[in-house]
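All chains are identified by letter, namely A, B, C, D and E, in their written order; residue positions are counted from 1 within each chain.
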Amino acid sequence: MYNLILRDLYLALYSSANFFYTSSFFILILVLLPFIFGTSIDQLQLLFKGILWIGLSLSIILTMERIFNTDYEDGSLDIILQKNSSLEIIVISKYISHWVVYCLPLFIILPLLSLLFYLNTSDVFAIFLNLLLGSFGMIFIATFVSALTLAAKRTIFLKAIIMIPLFVPFVIFGSGDNSWLILLALSMLSFVVSIYVSTYGLRLYGES
Amino acid sequence: MYNLILRDLYLALYSSANFFYTSSFFILILVLLPFIFGTSIDQLQLLFKGILWIGLSLSIILTMERIFNTDYEDGSLDIILQKNSSLEIIVISKYISHWVVYCLPLFIILPLLSLLFYLNTSDVFAIFLNLLLGSFGMIFIATFVSALTLAAKRTIFLKAIIMIPLFVPFVIFGSGDNSWLILLALSMLSFVVSIYVSTYGLRLYGES
Amino acid sequence: MYFRVTKNHINAIKAANPYLILSTVTAFVIGLYYALIQSPPDYIQGDSMRIMYIHVPSAWFALMCYTILAGSSVLWFITRNPTFNLVARSIAQIGMMFTVLSLVTGSIWGKPTWGVWWVWDARLTSMLLLFFLYLAYIFLWQAIANKDIASKISAALAIIGFINIPIIKFSVDWWNTLHQPPSISKLSAPSIDVSMMLPLSIMTLASLLFLITVFFIRFRIEVLDNKILRVGDEI
Amino acid sequence: MKELRIEDLNCYRGSHLVLKRLNFSINSGETLLVRGDNGSGKTTLLRALSNYIRSYEGNIYFDELKTKEDHKYKNKFTFIGQKNSLKDNLSVKKNLKLWEFLYNRKISPIEILSEFNLSQLIDDDVSSLSDGQRKCISIQKLRFSESMLWFLDEPFVFLDEKNSKILMKKIENFNKKNGIVIVTTNIDLGLKFQKEINLNV
Amino acid sequence: MKELRIEDLNCYRGSHLVLKRLNFSINSGETLLVRGDNGSGKTTLLRALSNYIRSYEGNIYFDELKTKEDHKYKNKFTFIGQKNSLKDNLSVKKNLKLWEFLYNRKISPIEILSEFNLSQLIDDDVSSLSDGQRKCISIQKLRFSESMLWFLDEPFVFLDEKNSKILMKKIENFNKKNGIVIVTTNIDLGLKFQKEINLNV
């Protein structure tokens, strides 16, 4: 398991998807805001949270192909399946490595970003907590959709139809206040579903 | 030229999720706006325009891999380069097909969306015009960045970093009022730069 | 025939290195002495304005480095002399460093003067974009395996990105923003007190020396990495 | 009688001189077999002949025109490499339709597939084909362009004996119609062609 | 003395029965050559032997244990297919590092590359290697797992004569150490192995 995670991190570090890129992406999205909506502080504070959520969902959607697909295409997935004792371990290490690579950067630069958008500490903490719990859930969802689409080809539309509605509750509750309990529940629910469906998808993949 | 455009449209129709995917994502985001940012009408109208611009930029960034990269990876680009009399024609037909597939949907649903946000006709028309001119320019930019980065693989984020600064002028003027002339000028400028740089990128690709 | 880097040039650069380092350090010591101890505090801003002595030179050099970067890329396209390409590549990192420095010092300065770390005005934001342009230039070069092509492509990017420079430079005049309009670099009478002018000049000189030192070190590495010396000239 | 002639061709890949002072010529109706070890530059040679690589030194003439400068040269050759120009997630039929657009030429899918006896695969996804089946379809790009030059980069790889024979037959027929073929290979296929060069030093 | 035994193997791909009542067995120290036309199911067979395909009928035994049920079977075989598990945009060295993580085993890159005389490519990007060079590296996955079974799907494809010989030598040495090898091919390579089956009907 550690090996698999290390490997994914190594891969992310040296191929395009590294920390810098991801965090720059978020900063850049946020940089567009003042140009569009003007520089009034209240306005920007209001938008900040919403845009973070949109940014997070997009960056997960944008990169979900990388969870299993790239490894599938070049045959590394065969080795991963062979060399690990259980499918659950594979799935869980993918959660971890994908989260570290594509979500963690957001949380590291979040304090900086909230400075730029004039938020105070307690607000930042609430946003942080919501985003954190939400990002877990969204990674779980992305992983199982990615595993499912490995097995069943020509499901691009299916993929779109599954992903987006599942992200909606996270975005709605995430941008509300005091909703971390709901997000926690949602994430736990999606964890259970995801671990089950992802391993199912991986098991089917061999047959395809 | 028509053939190349038809081919891209055919391909998009049967394989690409993103048409459906991105447009449904942005409809959803727009529909979710009240949930994310609260429900005052004035507020929403203000946000509406901005979110459209963010949506447009993101959906172009999201899909730019498809302008040249997928064809490059499976070798179709070799055929395209060989069978067309000039690189300019290839680039221009890519502009058209990509715009039809990834921007047109937004303009088709725009009237519907603006109903939802209580906008009046003249406002909608202004927004429409700005977005239209801006989308041209942004497609030009996306195309040349895509051509330039052909040799660099799997670099979604890198492309985003290059592109977003270039999108900024569009977004600034686009979300202002009465700025269609500036947008027109910007688009024309980026057309000139793009056609030159894209053909340059395509010419280099063969060597790599 | 165009100018070529030879073994002699490289050796000269290598020989000059210790002197450059020494003079940079000296200039910084003197400059900081004047900036921090000798010069009077500003009567409105107090001691916080001392950060200007770092902020202003690094902002200037951030812009200057990009100008050199874009300029040598253009020259490289015209003359195909690989030396220009190496100059461009050597200057990029330094430029990025100055950009970061001016962003950081600027926002440290912003806290006491504006009350916030950051404002979204045109100059500041375009400076942030400049940082991303540097970043993109450096990453793009690394992301392309064939270095021949990588140089061409990143040169093209550098030239396109040059649009940003006039935007940064004139943003303060064009848009009404919070940021200080030019008071020093106005060509006619500088509207600044001599007691501040002196440390600022020394600090500018020190930063310039620093730029040159780092540039030569990087340039030497680039030359050695890229084997552009003629046969027989290898080191 | 047309001639493809290479004069003193030097070609770099990266910083590495791959093709070194290469000279040869072939005439209408002939096939040239290019042999060479892995990494000896066979693929590079074909890509230079196809104008994808243009930074070579030396000259390539076809019909006494420099290929780099002849604007009509584009329509005179077909290059079949290892990338098979097939979209994995589409059916064979839809892929052939895409080729029709690319080459601007209509050919019935059945006609194309039946040559290698693959008609039953018409509605299958490309991703579910075997390697050999994919290769056969890729080779059929030859049908789409009416060119006088075929550049085939290891075309026999993945093909079984039956399909190799079909391809050999195609090459022979093409030669009879005055076509010029260049085939690369890195092993001894036991095939006889009119001319042969070896890129090993 | 260990034995790999296939009994009455039926295997469907999609709705299509690809392997039909297949029976054979091999013992330690032997190599089996599987021949068959394109689409005859060679790759399918190897993937069934490697447990990637599990929906077959019939049984596969290794060392008298059903492979489908033996949890330790995972560590007993290595499958080398057409996909080469290399990331195009990384250097060879970094790719080998990734393999070290995947297989949880450290081997010096030079040791791996020198076997096929590729040491000079260590810092090159995989995307700039020739097809044969890539294939050689892919085959070296064999070094990473200490298994008793090698399943090689058309391993000689893209290899030149020299490299084919090196691979043959590897197979022979492995046989001497009691390893079992199954090799597929669709053409007559002129190679002699202990056993041979043909999947054509």
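Everything that follows uses one rule, which is that a residue touches a chain if its C-beta (ideal position, glycine included) is under 8 Å from a C-beta of that chain, and two chains touch if they have at least 3 such contacts.
Note that the structure is predicted; figures quoted are calculated from it, not measured.
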Which interface, named by its two chains, has the most contact pairs? A-B
Outermost chain relative to subunit C, judged by CA means, is E
Please report how many Å separate the Cα centroid of subunit A from that of subunit E, as a whole number. 36
Averaging C-alpha coordinates per chain, one finds the centres of subunit C and subunit E separated by a number of Å equal to 55
With chain centres defined as C-alpha means, what is the inter-centre distance between subunit C and subunit D in Å? 51
Per the centroid of Cα atoms for each chain, what is the distance between subunit A and subunit D, given in Å? 44
By residue number and range, which residues of subunit A touch two or more other chains? 15-16, 21, 24, 28, 31, 33, 35, 70, 156
Among subunit D residues, those touching two or more other chains are 14, 82, 89
Please set out, as single numbers or ranges, the residues of subunit C touching at least two other chains. 129, 132, 135, 139, 143, 145-146, 148
What part of subunit B is in contact with subunit C in the complex they form? 148-149, 151-153, 155, 158, 161-162, 164-166, 168, 193, 197, 200-201, 204, 207-208
Taking the complex as given, what residues does subunit A use to touch subunit C? 16, 20-21, 24, 27-28, 31, 33-35, 39, 44, 115-116, 118
Okay, in this complex, where on subunit C does subunit E touch? 143, 145-146
Quick check on the complex: what are the subunit A residues that touch subunit B? 15-17, 21-22, 24-25, 28-29, 31-33, 35-37, 46-47, 49-51, 53-54, 58, 61-63, 70, 156-157, 159-160, 164, 168, 171-172, 175-176
Please name which positions on subunit B make contact with subunit D in the complex. 3-4, 6-7, 10-11, 14-15, 70, 73-76, 78-83, 85, 203, 206-207
